[in-house]
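One chain, chain A, appears in both complexes that follow, with chain B as partner in the first and chain C in the second.
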Partner chain A sequence: MRFLFKTNYHQDVRLFKHGGQIFWYAALAVLLLAMPWLMPEYYVSQLVFIWIYAIVSVGLMILVGFTGQVSIGHAAFLAMGAYTEGYLQQLGWPFALSLTFAALVSGITGIIVGLPALRVKGMYLAIATLAFGFIVEEGVTRADGITGGNSGMMLGSLDVFGIAIDSEQRMYYLCLIILVLCVVGVMNLLRSPTGRAFVAIRDSEVSAQSMGINLAYYKTTAFALSAAITGIAGALYAHKLRYISPEQFTFLQSIELLIILVVGGVGTIYGAIFGAAFWIGVQQLIVIAKDWLPPAIGQQTGLQPTIFGIILIAFILFEPMGLYGRWLKIRTYFQLFPFYRKGMFRRQKSYMKSERMK
Partner chain B sequence: MKPLLQVERLSIQFGGLKAVENVSFDIWPNEVFSLIGPNGAGKTTIFNMISGLYQPTSGFVTFEGEKITALPPYEIARLGIARTFQNIELFEHATVLQNLLVGRHCHRHTNWLQDLLFTPATRRAELQFRRTVEEVIEFLDLQHYRDQMVAGLPYGVRKVVELGRALAMRPKLLLLDEPSSGLNVEETEEMGFWIEDIKHDLGITVLMVEHDMGLVSHVSDRVLALNQGEMLALGTSAEVQSHPDVVEAYLGGADEDQPASTGAAA
Partner chain C sequence: MLQFLQLLASGIAQGCIYGLLALGFVLIYKATEAINFAQGDLMMLGGFVGLGTSVAMGMPFWIAFLATLIVMFLFGMLMERTVLRPLLGHPSFTVVMVTIGVGFLSRGMVTMIPFWGTETHVLPVPYRDQIVRLGGQGNEGGLVLPTEHLVIIGITVMLILSLYLLFKHTKIGIAMKATSQNQLAAFYMGIPVRRINMMVWGLSAAVSACAGLLLAPITFVHANMGFVGLKAFPAAVIGGFGSIPGALVGGLIIGVVEMFAGFYLPEGFKDIAAYVVVLIMLAVKPTGLFGENLRKRV
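Our next item is the complex of A and B:
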C-alpha cells in the first residue's frame, strides 16, 4: 500500500501523482512504441483500430461519462469528420489543416446538436440525438455531389508534414500520437474548472448552477468538445479504411460506441481506452473462434451481435463499473494483500435526494 | 449603512397555490437572520427565489442595491450569494476536495481552451484555488476526508462538506437551508459554533432556514416567522418565540393549558 506524503499543492495538480506512476507509464510508452516491430502487420492494423475507437470513446466519454448527457447519434459526428477530411483532401488541403477543419466542422455541429440538451434531458435528449444521427446518415447519402452518396468516397494516400503514411506502422504512430494528445487534453480539462463543471452538471444540476456554473454554456461546450474529438477520430477512420460510405456510420455504430463505454467503465478515461481495446479484441477472438466452433454455431450470421449482447448484459449485472472497475479491484487486492475484503467496492446506500427543482 | 439583501413584497404562486405572499425583509451586513415556520410555510421557496431557481410572481429581491430577481442562478452566485440545500446536493462521484474546488468556479478567469492546454495561467489559478480550499478545509476540520469520495461519507460529514463548498465561494451572503436537519445533538451544536465563526471570523452574512429552535436562538440576531407564505413576526429570537401569532401557528389556536413562552420551542 502506498501512502502519499503531500508537501505542496503542486502534487494535487500534477498529472502523475507519484514516481511509480511515471515508471509504469514510461514502461507502457516503450512497449507501445515497440509494438509495431513485435507484431505481425495484421495485428498492428487491429491496434490502429483500437486507437481510433479509443479516440472516439474518449470524446464520447466527455459527454456521457463526465457531463452526463446521452448521445445515441455519435456515429454522425464520426461521419462528419470522415467526410470533411475526405472532401478537403480531394481539394488538396494538407492533413494538419484538413484535420483541424474536420474537428471544427464536427464541433460546430456538436454545438447545434447540443442546443436541445439545454431543454430536454435523459430519454428525450437521446431521441433528439438519435434523430440527428438519422439526418446525417440520410444527408450523406443524398449529398452525392460531395460525399459520393451510396457509392462512397475513396481517399487518397495520406501525407503528414511531408511524411507519407504508407504503412500500417506509420498509421499506428500517427493514431497513437493523436490519441495521446486527446487523452492529455481531456485529463487537463478534468483537473481544471471546465472539467469540474462538467462533473458537477452530471451529479447535480441544481447545485451546479448555484455554484455559478452556467449550465447552457458548459453543456454546449461538452457537446462541442466531444463532437470535435469524434470528428478527429472520423478523419483517421476514413484514412484507415481508405473508403467510406454511409452504411459505416449508422445508428448501430452509435450504439456500439455507447456499449464500449459501458464495458470499459463509464466516467473514466481508462474506461474509454479499455472499452475500445476490448471491443476490437473480442471481434478478433470471434473471428478466430469461428474456425474452432462447430459450423452450426460458427457460421451463424447473428453470432457476433449475440456475443456482444451477452457481454453487455453480463457487465451491467456483474460489473457496472466496467473493466476499469475490475482493474481497480484487482489492483487493490494486490496493494492490500492479504487484507482485501469482499465488500470493499460495494456501493454505499445513497441518501435521500431532494425533490429536483426545474 | 445599507442592507445587504432586500426582499420586497415577494410573492409566488404555483397554479392556484399562493406559496409565498407579500414577504418583505432586509438583511444587514454581518448578521445571522433566520426564517422559521411550520412545514409548507414557504421558507425554502423564498430561498429558491433569492438564489434564482424560482421566478417570483411579483415583488423583487435586491442584493447590494442591485436587483437580482431576473438574473439566472449562476449570475446570482457570481455576485456572492452561496447556498446549501435541505437534502444535500453534493457531487456524489467526486472527492471532497473536488467538491470544494467547484465552489471556486465563480472565481475562474480561464476559458476552456486554456484549461484544455493547462496553460501556466490555469496552473496558477488552480494552485490559488487549492490554497483557498485548504483554508476552508482547515476551518471546518475536514482534513481526514479531503481525498474521499462523497458517495461513501456519513450524512453528518456531507452536511459539513456542503457548508464548505458554499464557503469556498467566499460569498458575501450565505443561505443555509436547514443546516441541522439530520444531525445529532452534538453535530447540531458544532454547526452552531461554525455559524458563529462564519459570522465573526469570516464576516459572512448568514440567512438560514431552521427548525431547531435551540440552534436558532443560539446563533440568530433576528428571526422571521412565516406561516402559509405570510409573515407572522419579525424580531429577536425571544420576541418571535413569544409572539402570540407564532404560538398559534405552531400549536393551532390559543390553548389555555400551554404557557406561551415555551410554545414555539416545539
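Our next item is the complex of A and C:
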C-alpha cells in the first residue's frame, strides 16, 4: 500500500499522482507502440477501430460523463466530421488542415445544437439531440451534391505531412497519436477551471450557478468541445473505412456510443477507453462465436442485439460503475487485502430524487 | 379541398398511433420520472403477441385483442419488477439506458423466434380492405376512409375515455395520480407506491400494445416496427411531457404535419417533419402546449 504525503496543493491536480503511475503508463506506451509488430494485421485493424471509438467516447464523455448533458444524436457529429473530411480531401486540402476544419465544422454545429441546452434540460435536451441526429441523417442523404447521398462517398488515399498512410500499421500509429493527444487534452481540460465548472454543472446546476458559473457559456463550450473531438474521430473513421454512407451514422450508432460509455463507466476517461475496447472486442467475439454455436443460434440476425441488450442491462444492474468500476474494486481489494469490505463502493440511493419541477 | 380532407383523415389516424405511444411515455414519466425508450418495442411485442394469439392460437380477433392487452400488461409489470425496480432512486440517465437495453433485447429475441421473427406478417383483422365513403355518388368521389383508419380513431377515443374514467373515478386511478404527484406523501397515506408503479408500467405496455395492434393492418408486423416509437417522443414533448390530453394532441399534430409534409414538401421531409416541429417547439415553448410552467424547487 502506498501512502501519498501531500505537501503542496499542486499535487492534487498533477496528471501523474506518483512515480508508480509514470512507470506503468510508460510500460503501457511501450506495449502499444510494439503492438503492430506483435499482432496479425487483422487485429491491428481492429485496434484502429478501438482507438477511433475511444476518441468518440472521450468526446461524448465530456458531455455525458462530466457535464451531465445527455446527447442521443452524437452520430450526427461523427457524420459531420466524416463528410467534411471526405469533401475537403476531394478538394485537395492537406490532411492537417482538413482535419482541423472537420473538427471546426463539428464544433460549430455542436454550439448550434447546444443552444437548446440553455433553455431545456434532461430529457427535453435528449430529445432535441435525437431530433437533430435524425435531421442530419436525412440531410446527408439528400445533399447528394456534396455527400453522394445514398450511394455514399469514396475517400482517396491518405497522406499526412508527406507520409502515405497506406498500411494498417501506419493508420494505427496515426489514430493512436491522435487519441493520446485528445486524452491528454481532455485530462488537462478537466483539471482546469473550465473542467471543474463542467463537473459542478453535472453535480448540481443550481449550486454551480450560485457559485458564479455561467451555465450558458459552459454548457455551450462542453457541446462544442465534445462535438469537435467527435468530428476528429469522424474524419479518422472515414479514412479507416475508405467509404462512408448515411447508414453508418444512424440513431443506432448514437445509442451504441452511449452504451460504450455505460459499459466502460460513466464519468471517467478510463471508462471511455475501456468501453470502446470492450465494444469492439465483443463484436469480434460474436463473429468468432458464430462459428462455434449451432447454426440454429449462430446464424440468427437477432443474436447481436440480444447480446447487446443483455450486456447493457447486466452492467446497469450489477456493475453501475462499468468496467472501470470493476477494475477499481479489484485493485482496492488487493491494495487493502484483507480489509476490503463489500459495501465500500455502494452508491447512495435516495428514495426519489426528483428532476421534475415542482 | 377533398384532397386536403383526405390527407387530414389519414394524418389523424396516424396521429392516433403516435398519440397512444406518447400516452405510454407520459403515463410512465408522470409516475416514475423515467423515459421508456422501449415503448416502440413494447408496441412491436404487442403486434407479435397479437399474431400469436390470433393466428397461432386461432382466437377470434377481438378476443385475441383483449388477450394481447392482458399479456402485455403482465409483461409491463414484469419489466418493472425485474429491471426497473432495482434502479429506483438512480439518475434518470441510468433508467433510460436500461430501457434501451430492454428494447435491444426484445428486438433481438423476437428476431430469434424461428420462422417468425425475421418475416413480415399480416395480422388478419375482420375489417381489412374495406372503405367507407362520405359524400360523392355511389361508388365514386367523396371522402374515402379506409376502415383501418376509422377503427384506429374509434378505439383510441374509447381508450382515452376509459383512461379518463380510470383516473377520475376508480381507487387505483386516483392512487396512480397521487403517486405521480408526490411519491413520498402517497406512501405516507398508505398507497403501495411500488405496486402502483408496477401497474403503471403494465398500463403503459398495454396502451402501446393497443397501438401496435391498430397499426398492424397498415404497416404489417415485423421486428423493426418499434422504430415508430421514436416519433412519439416529439408528440409527447409537443403536448408537454406529463400531460395526458397533451400527448394525444401532440400525436395528432405530428401525424397531420407528417402527412402534409409528405404530400406538399419535397421528398425526405416526411421523415423529419416530426423532429423539425419538436425543435421549433423546444425553441419557442419548451414546456409544450399543455405543460405546466413550474419552477424547480432547490
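Methods note: the second predicted complex is superposed on the first by the 347 of 358 C-alpha atoms of A that agree within 3 Å, B and C clash if a C-alpha of one lies under 4 Å from a C-alpha of the other, contacts with A are read in each partner's own complex, and residues count from 1 in each chain.
Keep in mind that, in the parts below, contacts are C-beta pairs under 8 Å (C-beta built on N, C-alpha and C of every residue); 3 or more make two chains touch, one makes a residue touch a chain.
All values derive from a computational prediction rather than experimental measurement.
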Quick one: classify A:Ala200 as touching chain B (first), chain C (second), both or neither. first
Examine A:Ile280 and indicate which partner it touches, taking first as chain B and second as chain C; both and neither are also allowed. neither
Contact-wise, after the overlay, does A:Asp12 reach chain B, chain C, both or neither (first, second, both, neither)? first
Touch test for A:Ala272: chain B only (first), chain C only (second), both, or neither? neither
By the touch definition at the top of the document, which applies to A:Met211: first (chain B), second (chain C), both, or neither? first
Quick one: is A:Leu174 in contact with chain B, with chain C, with both, or with neither? Answer first, second, both or neither. neither
Would you mind checking which one, chain B or chain C, touches more residues on chain A? C
Under the contact rule defined above, give the chain A residues that sit at the interface with chain B and also at the interface with chain C. 206, 347, 350-354, 357-358
Touching residues (chain side chain A, partner chain B) in the complex: 9-10, 12-13, 185, 188-189, 191-197, 199-200, 202-204, 206-215, 221, 225, 267, 347-348, 350-354, 357-358
Note: in the complex, chain A contacts chain C through residues 64, 70, 116, 119-120, 122-124, 126-128, 130-132, 134-135, 138, 141-142, 206, 251, 255, 258-259, 262, 266, 296-297, 300-313, 316-317, 320, 347, 349-358
Going by the contact rule at the top, pick out the chain C residues touching chain A in the complex. 29, 33, 35, 83, 86-94, 96-98, 100-112, 114, 117-118, 183-184, 223, 230, 233-234, 237, 241-242, 268, 271-272, 274-276, 278-279, 282-283, 286, 294-298
List of chain B residues in touch with chain A within their complex: 48, 51-54, 72-74, 77-78, 82-83, 85-94, 97-98, 101-106, 108, 110-112, 114-118, 122-123, 125-127, 129-131, 134, 151-152, 155, 158, 165, 169
